[in-house]
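First the structure, which I've put down as structure tokens, then a few questions once you've had a look.
Think of it as A, B, C, D and E in the order they're written, each chain with its own count starting at 1.
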Amino acid sequence: MKLGIVDTTFSRINMGKIALDELEKNKNIFGKVEVIRKTAPGIKDLPVECQLLFELEDCDIVMALGMVGAEDVDGVCAHEASTAIQGVMLANSRHIIEVFVHMKESVRDGKLDEKDLVALTEGRVRKHVHNAVWLVKNPEKLIERAGTGRRQGREDEGGIEAQ
Amino acid sequence: MKLGIVDTTFSRINMGKIALDELEKNKNIFGKVEVIRKTAPGIKDLPVECQLLFELEDCDIVMALGMVGAEDVDGVCAHEASTAIQGVMLANSRHIIEVFVHMKESVRDGKLDEKDLVALTEGRVRKHVHNAVWLVKNPEKLIERAGTGRRQGREDEGGIEAQ
Amino acid sequence: MKLGIVDTTFSRINMGKIALDELEKNKNIFGKVEVIRKTAPGIKDLPVECQLLFELEDCDIVMALGMVGAEDVDGVCAHEASTAIQGVMLANSRHIIEVFVHMKESVRDGKLDEKDLVALTEGRVRKHVHNAVWLVKNPEKLIERAGTGRRQGREDEGGIEAQ
Amino acid sequence: MKLGIVDTTFSRINMGKIALDELEKNKNIFGKVEVIRKTAPGIKDLPVECQLLFELEDCDIVMALGMVGAEDVDGVCAHEASTAIQGVMLANSRHIIEVFVHMKESVRDGKLDEKDLVALTEGRVRKHVHNAVWLVKNPEKLIERAGTGRRQGREDEGGIEAQ
Amino acid sequence: MKLGIVDTTFSRINMGKIALDELEKNKNIFGKVEVIRKTAPGIKDLPVECQLLFELEDCDIVMALGMVGAEDVDGVCAHEASTAIQGVMLANSRHIIEVFVHMKESVRDGKLDEKDLVALTEGRVRKHVHNAVWLVKNPEKLIERAGTGRRQGREDEGGIEAQ
């Protein structure tokens, strides 16, 4: 499989490096995964980079890694980027795993908790690397986990039995 | 008819299983329904899965089953997923029954009522299974029910006579 | 002319029936109008039904009749449906008259005024039937009414002279 | 050049008539401008009318003239119309000058100031007629005015020198 | 490389001129950069201008320079323009660097700080000129800066080490 990874210079954490590390750590489990890595200025530059990774590199799947600033306008930018990422998926009929970390998820009492931001970002990126590989190589792994309340970056919430 | 079903690992309830159970319970009424079942990580991964079910499996209709978290950002994700699901329907000229359960529909006094969430999810999924089959096999069943205030997951509100 | 009409089972009022009645009442004025009527579960199912009416039935114009629930999430659904209806119009270069009634338009002191809802819905559907016919058969009727503050469902507001 | 003009019956002011008057007043300056005028019911009907003016009439540019009601739901309608107008521009690679007047721009102490609404609408429509002609015939006129804080309907705000 | 630059007459600062100045100042570093400059009335006119720069001028990349007014409706316009700019990027598989300055970023105690607006605009435009050139000529420069918290117009926030 061929995996595209795009991150940003805006992010305060090198998200692409975390994804590469997770791939390296799991190389025996994952098997062969070819990786193409790109970096764009900000999250609004991610959608077209993803598309170029499909068109020019023929990636099977792409991970779009972005950090969203804490201001309201940053939330709007994230929404615009996400909407366009959906458009790229549909135009190419391939998955993009969108891994966005919102800085305000780690704001405590009006102050950024950098340690929490690192933990959150690490967890979210690393878990989604597995989702990306499963979607391409082992989609049945996801069916096994249907309805089990999986979360990326925080603790799983767990499943609730329906009967 | 061929029915695609996609749900998520994010959901706390196995929504795909409920849909399969409803199909099984009604097999004498529904007649032959071939089912393809998939699971994606979260609701934003549903639209492209729906499209793949149209393109690769030639499904007549797809049910997109998702649970929406209780935070504001989850509502935005649901909106992005819904917008893209509309795009998939129009690009393929086929129906997707979007069955989204918002966790905050079952929050009482700031706390998740798990029992209510199960009842709501069961009701919404099961009733929409009938809508999906009707849309493909018996669209006149829907015309008979026009303007009758049908609800999925809660009690029907009923129709109001216009004159 | 060929007119498509789609309404929903969610609506508490049979909107399609009102449209058909208005067409019947005005048949001497309107001349020949062939009608195809469909019903979908909810407003999010309207856009693809409209598209099918263009693609399979070759309708000249479609009326999308929907009732929007009073909750915030219903407003978001209406927005998603409207956005997709715009997409269908542009992909087919034909008009869709979107006739959406928001239940909260008829909420007085936190309670639904059913009588007002009926009056509002009747008025909106009936007046828009005329718009639909004019758009196809007599577009000059609309130019004559430019800037005259027309409203559907409530009283016209009237025009203001610019000089 | 061929200019399309579309306005609405919803608007309380005949915006198309103002545009035609401005063209007439400036005919010696503008040179030959062929005009096609249409009217649609409301702002959501404008995008497809614009597209028809490109497809059927081969207009070089279109002016979409609309008045937006003062309620929140009207703002959402305007947003849906604007989004679709962007879609028409991109699908046809031609400009549409969107001239929307929001009634709440002229609300003072909860009451509509009709005189102000007329002044605002006149100013906005007339100035944008010049923009439309410049975009087709004299785009360099716009480069000369870059960064000069132009406003349509209210006073220009003027430019701020960068050094 | 061929770089398109579009700005607006709405902006209170001549943003295109700043971009041209930054290119001139760095011509020894950047090497040959051919530039096409356009101006449109407002931010909603930018997306189609960008598309025309791809279609008619075959630009490798475009900078869309806009100033966003301080009212809520201006924020909605910016969102509509941004969404359409994403559409242009995806339809053409090329980057557009969106450089939007929101006037309210420079509002202090309800009053516009013109000096701050100039500093912010200069910084944002100049830094993004480098991003535009890097994306086309030296994309590895961006990978080197991944996760380093770059900001345009304000101070960089810097990177946080993940381990």
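In this section, a residue touches a chain if its C-beta (ideal position, glycine included) is under 8 Å from a C-beta of that chain, and two chains touch if they have at least 3 such contacts.
Small disclaimer: the values here were computed from a predicted structure and weren't measured.
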For this session: Mind listing the chains that sit against subunit D and also against subunit E?
Result: none
Seminar exercise, completed: dist(centroid_CA(subunit B), centroid_CA(subunit C)) in Å evaluates to 26
Seminar exercise, completed: Per the C-alpha means, the centres of subunit B and subunit D lie apart by a whole-Å value of 41
Exercise. Tell me, which residues of subunit E touch at least two other chains?
Worked result: 83, 87
Seminar exercise, completed: Beginning at subunit C with subunit D second, the chains that make up the ring follow as C, D, E, A, B
Seminar exercise, completed: In the complex, the residues of subunit C that touch subunit D are 75, 79, 82-83, 86-87, 89-90, 93-98, 102, 128, 131, 135, 139, 142-143, 145-152, 157-162
Problem set entry | Interface residues, subunit E side, partner subunit D - complex | 7-18, 37-41, 44-45, 47-48, 51-52, 55, 73, 76-77, 80-81, 83-84, 87-88, 91, 114, 117-118, 121-122
